[in-house]
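Input: one structure, supplied below.
When the chains are written out, they are named A, B, C, D, E and F in that same order, and each has its own residue count from 1.
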Amino acid sequence: MELVFALVIGALTSSGVYLLLRARTFPVVVGLTLISYGVNLFLFSSGRLATGGQPILGSTESYSDPLPQALVLTAIVIGFAMTAFVVVLSLRNLADNEDDHVDGRQGERPEKPEQKSEEERSQ
Amino acid sequence: MNPFAEYAIAFLLLLGGAFTLIGAIGLARLPDFFTRLHGPTKATTLGVGAIMLSSVIYFTARGDGIGISEVLITVFLFMTAPVSANILAKAAMHIGVKTMDGTEGKPWEQ
Amino acid sequence: MNHWLIAPILIPLLGGVLQAFMGYAPISLRRTLALGTTVLLLVSTIVLLVMADDGSYRLYAFGNWEPPFGIVLVLDRLAALMLVMTAVLALFAHLFSIGGADEGNRQFHGLFLFQLMGLNIAFMTGDLFNLFVAFEVLLIASYGLLMHGGGTARTVPGLHYVVLNLVGSAVFLISVGMIYSVTGTLNMADLAVRVLLLSGEELELVKAGGMMLLVVFALKAALLPLCFWLPKAYARATAPVAALFAVMTKVGIYAILRVYLLIFGDDAGALANLGMDWLFPLALITLTMGVVGSLGAQSLKTLVAWQVIISVGTLLAPIALGSEEGISAALFYLLSTTWTVAGLFLVAELVASQRGSALDKIVTAPRMRNRTLISVLFLIGAVAAAGLPPLSGFFGKLLILNSVTSGPEMAWLWSVLIIGSFFTIIAYSRAGSIVFWRTVDGHIEEPKPLGGNLRAATGALIGLSLVIVAFAGPINEYTDATAAQLQNRAAYLEILQTPMVGEEN
Amino acid sequence: MSLPLVVLLPFLGAIAAPLFAQGGRTAIAIASSVPALIALAALYPNWQVLADGGYVLYHQEWLPALGISLSFRLDGLALLFALLILVIGLLIILYARYYLKPKENIAKFYALLLCFKGSMLGIVMSSNLLLMLIFWEITSLVSFLLISYWTHKQDARRGARMALAVTGGGGLALLAGILIIGNIVGSFELDDVLAAGDQIKAHAMYPVALTLVLLGAFTKSAQFPFHFWLPHAMQAPTPVSAYLHSATMVKAGVFLLARLYPALAGTEQWFYMVSFTGMATLLIGAYIAMFKHDLKGLLAYSTVSHLGLITLLFGMGTQLAAVAAVFHVINHATFKASLFMAAGIIDHETGTRDMRRINGLWRYMPHTATLAMVAASSMAGVPLLNGFLSKEMFFAESLELNLPGLWAWLPPIVATLAGIFAVAYSARFIHDVFFNGKPVDLPVYPPHEPPRYMKIPVEILVFACVMVGMFPAISVGPLLYSAASATLGGDVPDYKLAVVHGLNLPLLMSFVAFFGGLLMYTQRQRFFDFHARFKEIDEKAVFEAVVSRLATFSHDLTGRIENGSLQRYALLLVLSVIAVAAAPLMNVGIFVGELGLSPVDLPTAIAAGVLIVCALLTAFLHRERFYALVLLSVVGLIVALAFARFSAPDLAMTQLSVEVVTIVLLMLALFYMPSWTPLESTRGQRGRDALIALVAGVGMTLVTLAMLTQPFSSISDFFLENSKTGGGGTNVVNVILVDFRGFDTLGEITVLAIAALGIYAMLKDTALTPPPGDGMGHPWTRDAHPMMLRQIARPMLPLALMISAFIFLRGHNLPGGGFIAGLITSVALILQYIASGMVWTQERIGIKYHNVIGLGLLFAIIAGAGSLAFSYPFLTSTFGYITWPVVGKFEVASALVFDLGVYLTVIGATLLALVSIGRLSPHSAIKPKKEGV
Amino acid sequence: MLDRLSFPQPWLSLILFVTWQFLSDGISGGSLVLGLILAWAIPQMTQGFWPERPSFMRFWLMPKYLARVLKDIVIASFEVAALIISPRKPRPAFVCYPLELEHPLAISILASTISLTPGTVSADVSDDQRLLLIHALDTEDEQEVISTIRKRYEQPLLEMFK
Amino acid sequence: MITIALYITIAMVTLAALLNVYRLIRGPDAPDRVLALDTLYINAIALIILLGITLGTRMYLESALLIAVMGFVGTVAMAKYLKRGSVIE
């Protein structure tokens, strides 16, 4: 079980990291989402894996660790807020720069031309 | 547990499983989108409905009180499945997915 | 339990909530309330500073749950120092924003106050996961603030900043998971106790987690090679936001100080001084990179943004060496550089507002309005930033130089710091002489008048470098005491014994 | 107390002087003179102590941690320099009163001059090395501002920057040197340092400290090869040149040599470094001075040369040489300051400083000419003038140097050669300016004598030259003695101050120099021709080019590193994480810990397999964006199932609801984006990224495996034990969220709230043009709100609200709670938006989401703050059981109010975020109102 | 004023009340009171979201209709299952069904019924709500499909929504 | 008996899910994928119910309910995106 779970987290991380390194906002956002799935599962599993041990008092004999669950719940909600923000930011990027690159190929108005008037070159 | 309940539960489970599987087979096997649409909308819905029913009987028979959530889920599924099918069909017609050879009539323009 | 401890969190929170409700209230009312909140915050942090100065640790246990089970706030000298530093900075940045930078977006004041709340939680929390939450609060507010002000220039750097920090947050959570999975606790003091018991695979897991945490903090602190998100983001942020952001990298530095001295400090056995051997060379390279960046800067704001990077390197080098003197020196410099850099961002904004289309670019332009005032402010700021006498930056750097006494570290730190200062002087003198002195004939359309708020806020932040010099003795005593307190791990651990309300006697 | 006052007074004056600007230039000049007058008066009472070989000390602790104290020390050396600074300073103030044009900002000038004066006094009177360094660097800064006083002149700005770079940089080296010395001695107090000379010289770090200190001294005193800044600093107004660049600031370097003489001198390193630097400077300065056509340029190089002379004297290391050095400091200050002032007068009156145009001024300004000629003669070393005396001492000392073999000839030859050059350029100064035919094309013609008062300072200084030259023992004897005594640390050698010491070798050298110089001057054209063959280096241009190159290089380098590519930054971050985590993980031998692996059941394995396949497919097929989203949904669904499978019902529910909201959000965004990502990366890049991704994934797998198989205990037993009794609920996760760790939750809903507010703010004036149809060429359908969907959405809302209420209320005891309930309500409302559109739905909701968010946070805060009234800490929960008729017994918990806050915030934030995006749609009739102030 | 206290959608309220009793762990005083509150409050809040509520409806005919549909679903499901499993190719057809029902809710119920009963899926309703497009999985005679639907489902619905 | 029936059912539903995933990956058109996803959601409901019966707990029923709700909304949103572009307008 542990191996399967570990492989799942590994696959999520790998896919997420690969997408994170893409050149456009959309894959990056998808990559971040995958990473956060992986991270949530990881944090969750820091309390170890249990079957049928839901931490509802009285529902079972032995309980799984409730603390990581609470942490992950917090992490999920925060992750959602962050994802929403970054999605909207990529929309803003699209609006401002008319395409969705994040690799420096656009969006940056070149600063070079203004260099001419440097003091050093004035004479 | 009441043996009658046990039989019912087992029967409903197997029935539900079978229908779910058949719905999935339909989804996998049928030739075009519109024919595939038939599998999930009913076979799967019915299959899950049967499993729900077995769950209701199971927990009721165990004396955990009447399980109504399952019924709620089933009702909900029966209400939504046609709408999902409808809106997906509309999307498919909009995109203009191919219909299988020998289909009578035509989808509407969207 | 002393309820003053939650004041720096509740005050901005309530202020922020109020702002959320008041979206459509007249701006004057919103401004008044927002500024009032900041003033109240400052007052509360000063109270805490006075309390913390007795050298004891004060604990605030949320929900009256004793640590390590509940979340606690811990007030000590370091926390109080960070709180006051931030509140002072915030007050002036806020005052500046009221000069017009807050227009065009009704959420500005709310975001500003929430950001302060996040910062203050980060400075006070004694819980590792709550530190994560604090980071998220201050980050999400900073994302909003960074994008404040319209225009397209800040979108791309904003996106970089946000995405990198999201990855950082993910790494933070992984670290928390790794550490929790071995120690089974989240309270920092408890962690400090438990890491001593580790061995074998468990130890390595915590070590890896701790190192990843260091990467997260280094990302916040903008340590090379994780600093490249900063210059453009800061340079393009609205001025008061950039000024407030001067404290953002310091959160990373604070976190390194807090977590690494407490959990992975000298006494942490096999985990002692985890990662510090990485930190020192990286700090020096960061400093160098900052100097290179500032030499190549083509606008004042970019120049100041790279100064932030320089500060980070300057601060982390002595921290990495870990001596009490070094930490004290770093704290002194921290205070100085944070305020100075913030002030310089505001100066750059004044320049931009008075130079027509040339803005704050380091190019020749027609003579700006209000040149005398602005150039004097720039001069003072630049002297303080470059670390020349007689302003605060000099004393900070001097303390840092003095804190290392021998060995190759001394040679490296001295060379990099001193040569770096030299090139910083060149960068500032070049920028200043081009921007302020070199003028061409031409017309500048009537600029916005420099309102009293703008002058007062900028003048005050810049002037603080003089105040620090005037009170250098007491401040240094305080930072000495803070460093000593930080090094005394055992004293911190006593918070675990604090009785809860109703348990006293 | 008088010592710090002396230093402080000029600074006070700098603040006060501008206040007199209203009163005109004379008023402000008088006001600016007051500090120096008071200072002189304050110094006077100390004279007797000094004359007796003692010194006055003032000590006040400042920053003990740094070793900086407010220590001042007045001894002979300090007094000598203080007098130079104060007296010449007074003369400069008077002179500048007439020199500056009426429209120029004289207040600023005087203020800066006074600041300079104060910091210069600080240098010479500090008894703490770090304090001295502070003043040292202030002089660099103030001189920067003074040189660039005429900010509109490019040369002035450049000269100033160069001066700052060299002297400020030297100051930093000096700082390092001082810190080393302080470390060796254990104190920065001058007394301690001077007393520890042997200790310093014996220390391993001595050569380093010495080099650094000398770097400071040499840069400040314009020693070769740092001499180049000084001539360019002549772009300053002449009073500045006269004051800073002849009398005071450049003397700070040699002052430092004198000050630290007992501590550092007397070693081979000292001897070679100082004397050879001095020698080179002496010769090179004198040589170049001959060829300068610019009056001030000539004086500047002459100054360089004389500073070299003084340095050489200090370098010799003999006591007599040191005395000569101190003596020459005085003499050079007097004649050079007067020469600068004369040059300034000439410049002022003729409008140029070019000696090729200035000729025959004797006819126009005989008075000034006389003064200048006397001073220039002193510079040349003509007997009966003060320059002659110290030069003789110098010649004598140059013969005393014990260099091996033929090297012994070097100093006297250099000295004589420099003497020849000095005579030559002095002759040129006299002849070329005041005689040599008629002026050529002067900008101001005819020139005449300057205002009366402008000449007074020159007269005074020239008078001093003559007095010292003729009556050295009377005029300067005691001062020199006490200064020399202070320099040498007590034992002054026997020396005689006489006009002529008789016929000896030094006198012969003087003769050679004098006639050689005159001869050289008469043959000047040959030398000029010879010199013209060498290309002259314009140091300023070089400096500017270097700085400019540096700036461009830095900019390019920065641009290459900080290239604006998120990919690179993210790569660096990922690599950093991998790098730091790798080392410890390498030490983990076997990643399967004590607990070993447990068996896996088939459905779990299949689900995991599907998840893995879908995750990898998402990565590999991401360019087809909608497909990627569908795959992502599968992943999200299986993650939720995993939570359920491994005993986390709350998480499963949260994950499910968040997942669908996220997908809706992504689709809202995808509408505006290209539905395809074109292939842009190279195969190599993809391979590299895949490799890194693989490493990251393998790393996480191993870590997870190691983690899951370690035995474990945690603080959670406490939560399980106290959840019911202390928190009043049986759903431990929920009790943790609203009670044990309620503060996290408060932070978390704040995050949600801020995100929504931020999103709203960010989008309110964003305009996006959506594509007219999908990526495959189909225009969008007109049917925005299909009928069946609308019909199903109607009953869905009340049903969902009831489910929300159910999930909310049971949350404390069973899976559920505020978050999940809030998300269900949100999703139900989102369905209304999807089914019936923005306008329709918004009309019916009728509340501002901002207020819902605010209300939610407020509920949470109030629930938390209630306990404060009972002086329990924030967020202390309370619960109780109440029995009502009909209703029966039920639980009332403050945590429920907190959870209600969570519920409301979640709804407000989720909907505000989604609706803000929805409003961008061109079909939406709800347009964001343009926000005013 | 009293209007505000009424139950704007009594049937909905009833359904909510009953459902709540099922959801709650057994019927108790608490669940009754809470159910009553919810049954009142939720329709108060959501009534605006259901503007085109049918003004008249014979609810009592509903159970009979539902029973018939359920029976059809179960029986016909086996047919479809058989079809899916069998190797025979289906003979699909798009059928335009002219609607007699007018109320949108009624049309929706009919369309849903058609979709749930095996062999047919409602693919679309025309803009003027006069035609229903049905996809039949395996049919030879379109008219038979139309008449079956008309007889078995639309007529009862017309009764209900009279 | 129930246990055996349960295992067989779980196997069938899991197999069904696999077939859904096959269709989802195979496509060929976007509506096919969404349809497959929708079906997968419904299968997931069945799996959760079966999990609950296996574990003998009803703690996961609400998760199943939520899958039903969320699956529907997700499907609707995706379908609307495919034909209309803007999901909320």
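In this section, contacts are C-beta pairs under 8 Å (C-beta built on N, C-alpha and C of every residue); 3 or more make two chains touch, one makes a residue touch a chain.
As the structure is a computational prediction, the values presented were derived from the model and not from experiment.
Trainee: Mind listing the chains that sit against subunit D and also against subunit F?
Mentor: A, B
Trainee: Measuring centre to centre, with centres taken as mean CA positions, what chain is farthest from subunit B?
Mentor: D
Trainee: Does A-C or B-F have more contacting C-beta pairs?
Mentor: Of A-C and B-F, more C-beta pairs in contact link B-F.
Trainee: Which chain has its C-alpha centroid at the greatest distance from the C-alpha centroid of subunit F?
Mentor: So the chain farthest away from subunit F turns out to be D.
Trainee: Could you put a whole-Å number on the gap between the CA centroids of subunit C and subunit E?
Mentor: Here subunit C and subunit E have centroids separated by 61 Å.
Trainee: Centroid of subunit B to centroid of subunit C, CA atoms only: how many Å?
Mentor: Spacing between the chain centres: roughly 57 Å.
Trainee: Where the CA atoms of subunit A average out and where those of subunit E average out, how many Å apart are those spots?
Mentor: 42
Trainee: Could you tell me the distance, in whole angstrom, between the mean C-alpha positions of subunit A and subunit D?
Mentor: Result: the chain centres lie 36 Å from each other.
Trainee: Can you pull out the residues of subunit B that are in contact with at least two other chains?
Mentor: 18, 25, 37, 39, 45, 69, 72, 76, 79-83, 86-87, 89-90, 94-95, 110
Trainee: Could you check subunit F for residues that touch two or more other chains and list them?
Mentor: 10-11, 17-18, 30, 34, 59, 62, 65, 69, 76, 80, 82-83, in rising order.
Trainee: Show the residues in subunit C shared as contacts by 2 or more other chains, in ascending order.
Mentor: Correct list: 129, 133, 136, 140, 143-144, 147, 156, 159-160, 163, 167, 174, 177-178, 180-181, 186, 298, 430, 433, 438.
Trainee: What are all the touching pairs of chains?
Mentor: The list of touching pairs comes to A-C, A-D, A-F, B-D, B-E, B-F, C-D, D-E, D-F.
Trainee: Please output the residues of subunit D touching subunit A within their complex, sorted ascending.
Mentor: Touching subunit A from subunit D are residues 154, 544-545, 547-548, 551, 555, 563-568, 570-571, 574, 592, 597-600, 604-605, 608, 611-612, 615-616, 618-619, 622-623, 625, 628-629, 632, 635-636, 639, 642-643, 645-651, 654-655, 658, 661-662, 665-666, 668-670, 672-674, 677, 680-681, 689-690, 692-694, 696-705, 707-709, 712, 714-716, 719-720, 723-724, 730-733, 736-737, 740-741, 744-745, 748-749, 751-752, 754-756, 758-759, 762-763, 766-768, 813-815, 819, 906, 909, 913, 916-917, 920.
Trainee: Give the list of subunit A residues in touch with subunit D in this complex.
Mentor: My answer: residues 1-31, 33-34, 37-38, 40-42, 44-59, 63-67, 69-74, 76-85, 87-92, 94-95, 100, 102-105, 107-108, 115, 118-123.
Trainee: Over in the complex, which subunit D residues touch subunit E? Could you list them?
Mentor: Subunit D reaches subunit E through residues 783, 786-788, 790-795, 797-799, 801-802, 805-806, 809, 832, 841, 843-844, 886-888, 890.
Trainee: Where on subunit F is subunit D touching in the complex?
Mentor: On the subunit F side, the touching residues are 10-11, 14, 17-18, 21, 24-25, 27, 30, 33-34, 37, 40-41, 44, 47-48, 51, 59-60, 62-63, 65-67, 69-71, 73-74, 76-78, 80-89.
Trainee: Which positions of subunit E touch subunit B when the two form their complex?
Mentor: 19, 22-23, 25-26, 73-74, 76-77, 80-81, 84-85, 89-96, 111-119, 121-124, 126, 133, 135, 137, 139, 142
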